[in-house]
Amino acid sequence: MIYEVQIEGKNYRLQLDRSEERWTCRLDGREIRIDAIMARPDVLSILVDGKAYEIKRERSALDTHLWVGSERYLAELRDPRSLRSRRSGAEDEKGPRKLLAPMPGRVVRILLKERDQVEAGRGVLVVEAMKMQNEIKSPKSGVVQKIIAAEGANVNAGDVLAIVE
Amino acid sequence: MIYEVQIEGKNYRLQLDRSEERWTCRLDGREIRIDAIMARPDVLSILVDGKAYEIKRERSALDTHLWVGSERYLAELRDPRSLRSRRSGAEDEKGPRKLLAPMPGRVVRILLKERDQVEAGRGVLVVEAMKMQNEIKSPKSGVVQKIIAAEGANVNAGDVLAIVE
Amino acid sequence: MFKKILIANRGEIAVRIIRACREMGITSVAVFSDVDRASLHVRKADEAYHIGSPAASESYLNITKILDVAKLSGAEAIHPGYGFLSENATFSAACDAARVKFIGPTAASMEMMGSKTRARQQMEVAGIPFVPGTSRGLQSAAEGEEVAARVGYPVMLKAAAGGGGKGMRLVHSPGELKSALEAAQSEAQRSFGDGEVYIEKAILNPRHIEMQVLADEHGNTVYLGERECSIQRRHQKVLEEAPSAIVSPEMRGAMGEVAVRVAKAAKYTNAGTVEFLVDQNKNFYFLEMNTRLQVEHPVTELITGLDLVHLQIRIAAGERLPFTQDEIKIRGHAVECRIYAEDPDNNYFPSPGKITLLLAPSGPGIRRDSGMYEGWNVPIDYDPLLAKLIGYGTDREQAISRLQRALNEYFVGGIKTNISLFRLILNDPDFHAAKLDTGYLDRLLNNRRTDPVPKNAEIAAIAAGVFAVLDPGSAVPSQNGSGQQAIRDDGSARSTWKSVARREALQ
Amino acid sequence: MFKKILIANRGEIAVRIIRACREMGITSVAVFSDVDRASLHVRKADEAYHIGSPAASESYLNITKILDVAKLSGAEAIHPGYGFLSENATFSAACDAARVKFIGPTAASMEMMGSKTRARQQMEVAGIPFVPGTSRGLQSAAEGEEVAARVGYPVMLKAAAGGGGKGMRLVHSPGELKSALEAAQSEAQRSFGDGEVYIEKAILNPRHIEMQVLADEHGNTVYLGERECSIQRRHQKVLEEAPSAIVSPEMRGAMGEVAVRVAKAAKYTNAGTVEFLVDQNKNFYFLEMNTRLQVEHPVTELITGLDLVHLQIRIAAGERLPFTQDEIKIRGHAVECRIYAEDPDNNYFPSPGKITLLLAPSGPGIRRDSGMYEGWNVPIDYDPLLAKLIGYGTDREQAISRLQRALNEYFVGGIKTNISLFRLILNDPDFHAAKLDTGYLDRLLNNRRTDPVPKNAEIAAIAAGVFAVLDPGSAVPSQNGSGQQAIRDDGSARSTWKSVARREALQ
């Protein structure tokens, strides 16, 4: 099985297979001898010629981080096709972009109306959690296409709050 | 829903229903106001008019115990039909009885052959775990109908080791 | 001794007090709001009563409802914990009126300490050292300029009813004072409904060091040593330690004497904390007195070997202090980390939600006071303190190294926490050298350059694949419905992780 | 200081040593057998190497394999923990030969203490108090009768190579002696390959109290106070505490002095424990010296504020003791419970298997040293010690009450543990009165009458139903395949619980 892995923005080509308890692993074509078990859901113990690593997976609605010991890495796993379609950052600027709630909370204020102009980084609405208010900012310059969240509504992490075109 | 519950050998008739978050509970016909949630698998928080109880369920292959705070109760849940069929201890003496491994281990010795006579409480085979040996005793007097476990074999908790007829 | 105590609080401090009650053979009564039915303090208490909706004003701040539960349950005393009603003189008085013992000081002591200016007036009478300035609100900018000229610039304007940095202004020169005063007054009015603002000489890069005191109801008052609390963000303490690296036995004795004088001047009873500002020449100035148990009380417990909550309860029951000042021996060093539900990638904004995995540290020298558990849904309604991790050692270095070790064992999945912040602090050379002041943490966070991709990136890459092999379904965060939605909505990497996983599962 | 240390052990002690290494900035190297790949010490170490099949002789007792890993990994020192190779003089010598530092005493010290009679001969020279008897093996029953007549009956026959009660016989009268001696000799021969048996005056209802010593390699030796270890089952310690309730400062000083003399007579280095038998008049007699770190070392760490493993490593690295005898201060009280995988309903027979749920206690005064985790499958091949729970308090009463509180929070699902045994002990009036001797626990377990159905049976009945409603599928123990089989095979209640659950699920 081939995986395209991105760690902190750097891409790796990973070939990984397991038959019975034996693993074969090639990272960017380099063979690496590993042994791995899942101690608990989201917790791995990996041995790489003698070195022992405990890996913990931190998943949120928005992203996945992997802890290797005490170091934290933003991790993405994708296949070549999706990679091709997303290579250039420029393309990210095209098309509508969604504003997602980064954590559960309550929508306390909506700062813009639909069809308002907005620059990248400008606050679109305000979500409150644990007595603190967080401005949800526009990921791109453009027009507020849709405001989905209602003022006063409770939202979950990952809920779509608005769309900027 | 009606349950026949046996706690440490004492029988209770429990009527328990839940609609939305509200519970209705009758124990031996007596109405009891309760609130209950499952905090984790095998862990309950039950409120009975003000009193708070944390209940932990200890399941093994052979039996289920419930911890209420620091007290431990052997618990069985059954419906009236099966109850009727098992009321008298005498009936338990009828028919074949299985000897189950109480814990994982290794069968180190088999003390009787098939068709041997055996009295209740007499050891039939020996299972070793953690460097200690445990005699598995016959639950009834009769004849060793079948020895299922092989000497030297690893067994899991609840595995059938032999049958006494 | 009391037979039954009501705990008017939630979270880790409610659990900590319930434990003390159990250890003393006292029945504990918890109260909870709609969103706290599954919280740990309800699981652990002997009795638990629902008191209303999530808004604190409808539950944990609602004096009537709490006293009703006290009456209903037959509780003889109430422990308020910290926050919520713990420093509310009206509540303390209401408890007296209802003949329920409030475990803490009298309403009178609280009121005296409640207003910084009134406290200052009383303490000046008692000869307590203060930052030079006024002990009453400014009537005019002119008065302010006159005082500033006397004590010297820079000066600090502070709201009398203040706290948490609201209504505070630093003024460097006479020209700025008038506008700063008006701004501070209106902010104080908005924040506290009281526009009174006073002026003090500004202490630059001060340390915040506080002294724990205990007073019984028979006139005996002792101090239990200081806590170094200079590491703060947004005027909130983040990490505390005891003893302070800069406090010598002589200085401790001097600060302790002053703290005891403060307590006696306020006719103080039960546990309290006297806060000092310490300048770079180790001069210390009385700041305020916190009339409650502090979040950071465990570091004092570890170096003294005492249990402050047990002692609070004994004092409230009318017992005498079981020791004299010179029987109190400080041994070793303790450091506390406040584990918050905060997102380090989002400027430490709160991050409530469901805890999907919890790996908790333990072992030598590690104490964990926690209000969370795996599977619990951290509500959005209250403050983000999840737990406190405290390291003890023979000396400061060992306490720090044990804490670093334990932080590496600590993992909270499903929500974001500030655990990585403590790794940053505990690795910092200035922290090891104890070069601390109240500006330390902001400097650390601002000067921090993002590191180059660290050495284990390749291991992380391999691990990402191993997860896909061993746990294919997992690419969809199953515990979190919204997670799936996010994945569907958002044409990003996660959806392809999912698709990879799917194909994997078919092989 | 060492850069890398190999830990030749497994379970909680391996984890505890790995933690110490991490705290000291030392790379830790774990070794593991086939069944320990998923064990906690492998997860937590910096490096880990497979060394063979489950049988200890093929892995944790295999000197060649362990030294091969030391060479391969570049470890400069080996910590043996307790058990396995920890008191194996051959191993200590082999480490020297391989130029790997053995963290413990020299082979010579170990050998001297390895044989009870040789140790006794040496110690008599050093003027150490002994139980009256012979210091060498009996040649004949006649010799035994002659000694017994001198010291007075009852007498105890003991195997020189002995331990764990094997080859021991209590003799009340001359008539019994000959047959008892023959039985003891043949049992000793079978158990230890050495039939040597010696004779001592029998001390009735003795206490077992041991003294912790530390010696550096520069001739400095100190004692760290005693541990009360009288609570035993099958000659295995179950619960230990420090200090002992019957030891006064004077007696501690006297025992400590003797312990230091013992260590010096054996040219002892690193951490060791001198065991004493204490009679009802508080006379104490040298029993033997354990030339290793003890399971129960944490109680000494808590009352002294020191870390024995850190100190072991520093001593092995050639450092001097960082303190003198009079700088060691004992504060507070500590009690340790050994949490074993044992079935209280089956005469405490071992109970390995998969841990399906783990609720771990924490909070004030609680230390937990554990080798288990939720989801781990406890192997059948090694001893049943899972974890140690240690309670610290200002005094003995508080330490006990904190431990009781913590035990109520402790829950291990899927396997049976002896946690309920500690509830029994900690509730016992004799234990609270510290009326302890080596026969205490057997008496407690034998005199225990089964209680009447306790007061919460009705709550349990309701809970059984609530589980069926909230968790219908669960009636089939899903984590345990064999469980399902047992349920299918065995026409009993569980199967109907299952059927009830099924119908429930359909509603």
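Each chain carries a letter (A, B, C and D) given by its place in the written order, and its residues are counted from 1.
Here is the rule we use: contacts are C-beta pairs under 8 Å (C-beta built on N, C-alpha and C of every residue); 3 or more make two chains touch, one makes a residue touch a chain.
All values reported here derive from a predicted model rather than from experimental measurement.
Shared contact partners of chain A and chain D, listed by label, are C.
A count of C-beta contacts for the chain pairs B-D and B-C puts B-D on top. In this assembly, the C-alpha centroid of chain B lies 32 Å from the C-alpha centroid of chain D.
Centre-to-centre, using mean CA coordinates, chain B is 48 Å away from chain C. For this pair, chain C with chain D, the centres built from the Cα atoms lie 39 Å apart.
Taken residue by residue, chain C touches two or more other chains at 44, 408, whereas all remaining positions touch fewer. With touch defined as above, residues shared between interfaces to two or more other chains in chain A number as follows: 37, 40, 43.
By the touch rule above, chain D contacts chain B in their complex via residues 341, 343, 346, 349-353, 356-357, 359, 380-384, 407-408, 411, 413-416, 420, 423, 453-454, 456-471, 474-475, 477, 480-483, 485-487, 489-490, 492-497, 499-500, 503-504, 507. On the chain D side of its complex with chain C, the touching residues are 15-16, 19-20, 22-25, 44, 298, 301, 305-307, 309-310, 329, 331-332, 360, 362-370, 392-394, 398, 401-402, 404-405, 408-409. Every residue of chain D that touches chain A in the complex is listed here, in rising order: 30, 37-38, 42-49, 72-73, 373-376. Looking at the complex, you find that chain A touches chain C at residues 1, 3, 5-10, 12, 14, 16, 18, 25, 27, 32, 34, 36-38, 40-44, 46, 48, 53, 55-64, 66-73, 75-79, 82, 98, 100-106, 129-132, 134, 154, 156-160. Within the complex formed with chain C, the chain B residues making contact are 35, 37, 39-40, 43, 45, 47, 50-52, 54.
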